[in-house]
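For clarity, chains are labelled A, B, C and D in written order, and residue numbers in each chain start from 1.
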Amino acid sequence: MKKLLLATAATLLYATAAIAEVKVGMITTLSGGGAGLGIDVRDGFMLAIKQSGRDDINVVIEDDQRKPEIAVQLSDKMIQSERVDIMTGIIWSNLAMAVVPSAVNQDVFYLSPNAGPSPLAGPGCHKNYFNVAWQNDNLHEAAGAYANGVNYKNSFIMAPNYPAGQDALTGYKRFYEGKLSGEIFTQLGQTDYAAEIAQIRASGADSVYFFLPGGMGISFLKQYADSGVDTPVIGPAFSFDQGILQAVGEAALGVVNTSQWNKDIDNPTNSGFVDTFQAEYGRLPSLYASQGFDTANLLLSALNVAEPSDADAFRDALRAANFDSTRGDFSFGPNHHPVQTIYAREVIKEGDVFTNKIIGTALENHSDAYAADCKM
Amino acid sequence: MSTILIIEQILNGLQFGVMLFLMAAGLTLIFGVMGLINLAHGSLYMVGAFAAAAVAGATGSFLLGLIAAFVAAALAGAIVEMVIIRRLYKAAHLDQVLATFALILIFSEGTRWLFGSFPLFLNIPSALSGPVTLPGGIQYSLYRLTLIAIGLAVGLGLWVLIERTRIGVQIRAGKNDREMISALGVDIGKLYTLIFALGAALAGLAGALVGAIQSVQVGMGEPVLILAFVVIVIGGIGSIRGAFVGALLVGLTDTLGGVFLPELFKLFMDNGAAQKSGSALASMGIYVLMGVVLIWRPTGLFGARA
Amino acid sequence: MRVQEKTINALVVVGLMALPLIAFVNDEPFTITLATRAVILAIAAVGLNVILGIGGLVSFGHALFFGIGGYSMGILAHHAQTYTALDLGFLTTDGTKLMPVIWLVAMAVSAIVAYVIGLLILRTSGVYFIMITLAFAQMFYYFSISWAKYGGEDGLSIYVRNDFPGLNTLIPIQFYAICFIILCIVLFLYARLQASPYGLALNANRQTETRVETVGLNSMKLKLVAFVISGAITGLAGALFADLNRFVSPTMFSWQLSGELIVLIIIGGVGRLMGPVIGACVFITLEHFLGGLTDFWHIFLGLILLCIVLFARGGVVGVLTGKEGAHV
Amino acid sequence: MSESILATHNLMKKFGAVTATDDVSIDVRSGEIHAVIGPNGAGKSTLIKQICGALRPDAGHVELMGRNLSDHSTAARAQAGLGRTFQISELAMEDSVLENAVLGAIGAVSGPWKFWKSALKTKELTDRADQALARVGLLQERDSRVANLSHGQRRQLEVAVSLTLSPKVFLMDEPMAGLGVEGSKIMTGFLDGLRDEAPILLVEHDMDAVFALADRISVLVYGKIIASGNADDIRSSKAVREAYLGDAK
């Protein structure tokens, strides 16, 4: 019996090798509240795959519903049943923390198109884990650096009381050199910020930095604009992204935010991406779409060099990051996290559409604070 | 912390409270009169917000948006009542919970199917935007003041409706005795549809009003639903007065807890730790409030004694 | 067609034994993982069924115990894998990766929490009870989100599944076997409990507390013990669930999860021995297959649940046997 | 004179301005049936609730075999030997007749903290239940669901459950209610024989039954005992006729 099983397994193995199909598992959020981000990552990713013209890449896409335990099970499915070589797609840090460590330990490659929690950049880094977006602190650090650059001396900072929020404020403070007029942790999922805005008004701050992803940011910006408090606001790109910006409207106009990507970054890859994305899906691409697109292109560049079955060669090919990124220069640091330029953008109105334009550079060739803790 | 800031925070708590009241009033009426636990009440809130955003976006008029929210939520409520809910009045609470849980799924994903996965735009009308200066030099959002006024007006309206009108008599009678009221020749089916639609319309109105200063997105109704349940349980299920008091208590506890608990913790902790523990405790605040009220009075502040 | 409940029960047990074996032979490990998930949710729902099905108290906060079980596992295993001491204030100890120990701790902690909370809340009834159980679960949910020491919203990852002497728990079929045997034990205990003098008294207490008091039994104590037993079983399931995912996070405390546990019981049949098990299998199957059809699969899930409420009173077991379930 | 088994001492209970129980002192002695009668709203239910522990009196107390029951819960009073039946059946409607009777046996014999052995396979419990069912004539309905029983059968089951408790004293709230002529006759005969086993405090509307059964009768009007004595005393009492008929000048 056992022999028979082994024989079957061997035949199967032989069969897969013969087709030499690359299987990519994408776990992302496609239903419920945060679906917009997952859909953008998926669409960006699939656009690049389509453009490559390769039909030997099989992408299996599953919806995690933004629930960590569902993500874990899908990951089991990808690894055990689909036997994928590479995984990608997760949007949220808490889902990434649930899935990535065990996946990469089972010899699967994981390319992160969005989340970059600090443990995975520091002591928990892994040779099979590559982050193609940013380490979570990056945009916040850039905001701190930008605040120095425009001479803010007295910032009021706030974020939700959960790990990514705590990291955000730490990231800002890591680069920001002025004083803090206030530091607030809000509730995760909070929708009313009247109390916080009152505190901002009373604090005498010269700038406000906030990290409030998703609907929280929309609520805050609308209420802030209505409150008449005119202290300038800085935020990370997440609250000023293409998908969200239309829902914020006028309230966001003129706000400076930090991002590693914008649609006006001037290189052929990027302009090609923006045009084809619009043609394909009928909407402007978002930050997340660009990250999905870059992730797929990184993958394609490595596949051109080596098969994932040859793990060491494939890993080296990934590490080389020999692809044309929408962001221009892109390379990996020692912990497989990006070394990249982060820009300051400003929200503008183009015709009827709210969008961003780059107004300066916040941090050049920036890596992250955790690389030193990474022993790979 | 200055007096002005404290007054401002109390106003914020009030505003939050009266909006919760709009949600809770319908919920408590529906439970009090029909004995129905309606988990899908938050979905009607969402329907209102989306209707308002769609209509305001198309016409440019916030007022038309509000009307649309009211009408759309009332319609959705009436349809749901006639097709599904009325089969559940005699069912066990458990069946009601499951059925209305199913309705949440249908409403949420249906809305996403219609409107897409991204939040919609809905903004404060320009006439109401910006702050006004109150006596004492307090800068306060005009729109939020308007919300407080609308909330109080609706509360007053409901009181008049229930205490002073024929329908109110029927509602009060229906609360106590279903058979008696149908014996009086009132069409109980129509009355129930009407009450359900009224509750739905209030929820829709709240969704639209709040949507203008928050994010109009799928799933926005669920956190509010939980809060509204907390409110009616604190107030005593079926009691409009209880819902009003409960809503203000929850609104004030939540707002003031979030502000003052971290301040309190700063007295014996360093700043960052105080912020973290204070806000952690504040996020549990209303549930602690509810727990304490129910342990003290197992049927809420104004609930019927067992 | 009317089927005997015993026949259904036997079929379910045989099915739960056969399916993973078939999957094993066909080398479909994910099917085994799905079955494991169904079995663990079934254990949790059997726990809930003690207080809900027999005792008639609708707990809308049972995720509380599920989460406590999960975090018991997470915290113990976290300290074991990081070689740090676990300081309980009155006692400092090492973590552990040994499943039986973790299970005992999960059940004990859940039982203690259930006892304390039960003392406070069992005076309420009906909707008030529904809501106060929700309130306590929400307190734990928000607390766990901001509890930075154990990962906050990110939760805790355990890199390797915990150990069970003599087995390799990382092999899906072996872990399934553990869960399946626990489910069988729990079901056996549930059946004994339901038929026992205590079960009879608790069942009568659901229908009339006055009668139970009049024959000299303390209704409050009956309910409290049921709440404790129920919490302990659901806590055990939580520990297993955390081990299945090698991960624990605040979503284990979420009200959606409490709702799902109730849904499982209603789908299967309230107060039925196999109700939760059938409910879990049906639910997982729906989730799995509908999810593959469309992004908007929640709509169909909702419609199916509605149909169950409107047209299939008594759940699957009720429909098959032609008998309604317990009235709650 | 035989010993007093159950006694109330100066029970007082007010609801707002209404005094529902006004200084009521009655007792039940071994071997007797003591009936309490009174017009609607006289406070009979309130009195029963105070005796069985569902209501706390404002003043006064209840004694069972000389023991003060003030600190006893309903359950503890039942344990102490108070066997109550209800005016409106309080039974587990989804359960079988046997299960309801076994519930009583559990209360009387084993207590509820037995989690292992099946209740319906415990001979000690089922024997006791069967005996009680046999005495009220319900044995043939042993396996029926209570929901399917007739009204009269439920009244019988009420009594049977209290029999399983072997109480020191019965507290019966209108056991004849809704039984019809034939049923009342049978029940009367049954209660007649029961008094030697344990005395009965009988609250009853059916005057024929009361006058046929009661050794003593107390008349409760507006919360006060206005008369007490044997059947003849009550029949001839002026106060009672005034209260009941309102016209006896």
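To be clear about the criterion, contacts are C-beta pairs under 8 Å (C-beta built on N, C-alpha and C of every residue); 3 or more make two chains touch, one makes a residue touch a chain.
Please read these numbers as outputs of a predicted model, since none were measured by experiment.
Chain centres computed from CA atoms place A at the largest separation from subunit D.
Subunit B and subunit D have CA centres that are 49 Å apart. Note: centroid distance subunit A to subunit D, computed from Cα atoms, is 74 Å. One inter-chain figure worth recording: subunit C and subunit D are separated by 43 Å, centre to centre, where each centre is the mean of the chain's CA atoms. Between subunit A and subunit B the centroid-to-centroid distance comes to 35 Å (mean Cα coordinates, whole Å).
For subunit A, the set of residues touching two or more other chains reads 31-32, 35, 161, 166, 185, 187-188.
Counting partner chains per residue, subunit C shows two or more touched chains at residues 142, 145-146, 148, 296-298, 327.
Across the assembly, subunit D contributes no residue that touches 2 or more other chains.
Annotation, chain-chain contacts: A-B, A-C, B-C, C-D (touch as defined at the top). Those residues of subunit A that touch subunit B in the complex are listed here as 31-33, 35-36, 39, 161, 166, 183-189, 191-192, 194-195, 198-199, 201-202, 214-216, 218-219, 222-223, 225-228, 243-244, 246-251. Put simply, subunit D touches subunit C in their complex at residues 52, 54, 73-76, 78-79, 84, 86, 90-95, 99-100, 102-104, 106-108, 110-122, 125, 161, 164-165. If you check the complex, the residues on subunit C that touch subunit A are 27-31, 33-34, 37, 142, 145-146, 148, 151-155, 157, 159, 172, 241, 245-247, 249, 251-252, 291, 295-298. Contact residues on subunit B toward subunit A in their complex (touch as defined above): 1-2, 4-5, 8-9, 12, 15-16, 108-109, 112, 116-121, 123-124, 129-131, 139, 141, 143-144, 210, 212-220, 223, 255, 258-259, 262, 271-272, 275-276, 279-280, 282-283. Those residues of subunit C whose C-beta lies close enough to touch subunit D in the complex are 192-193, 195-204, 207-208, 210-219, 222, 225, 326-327.
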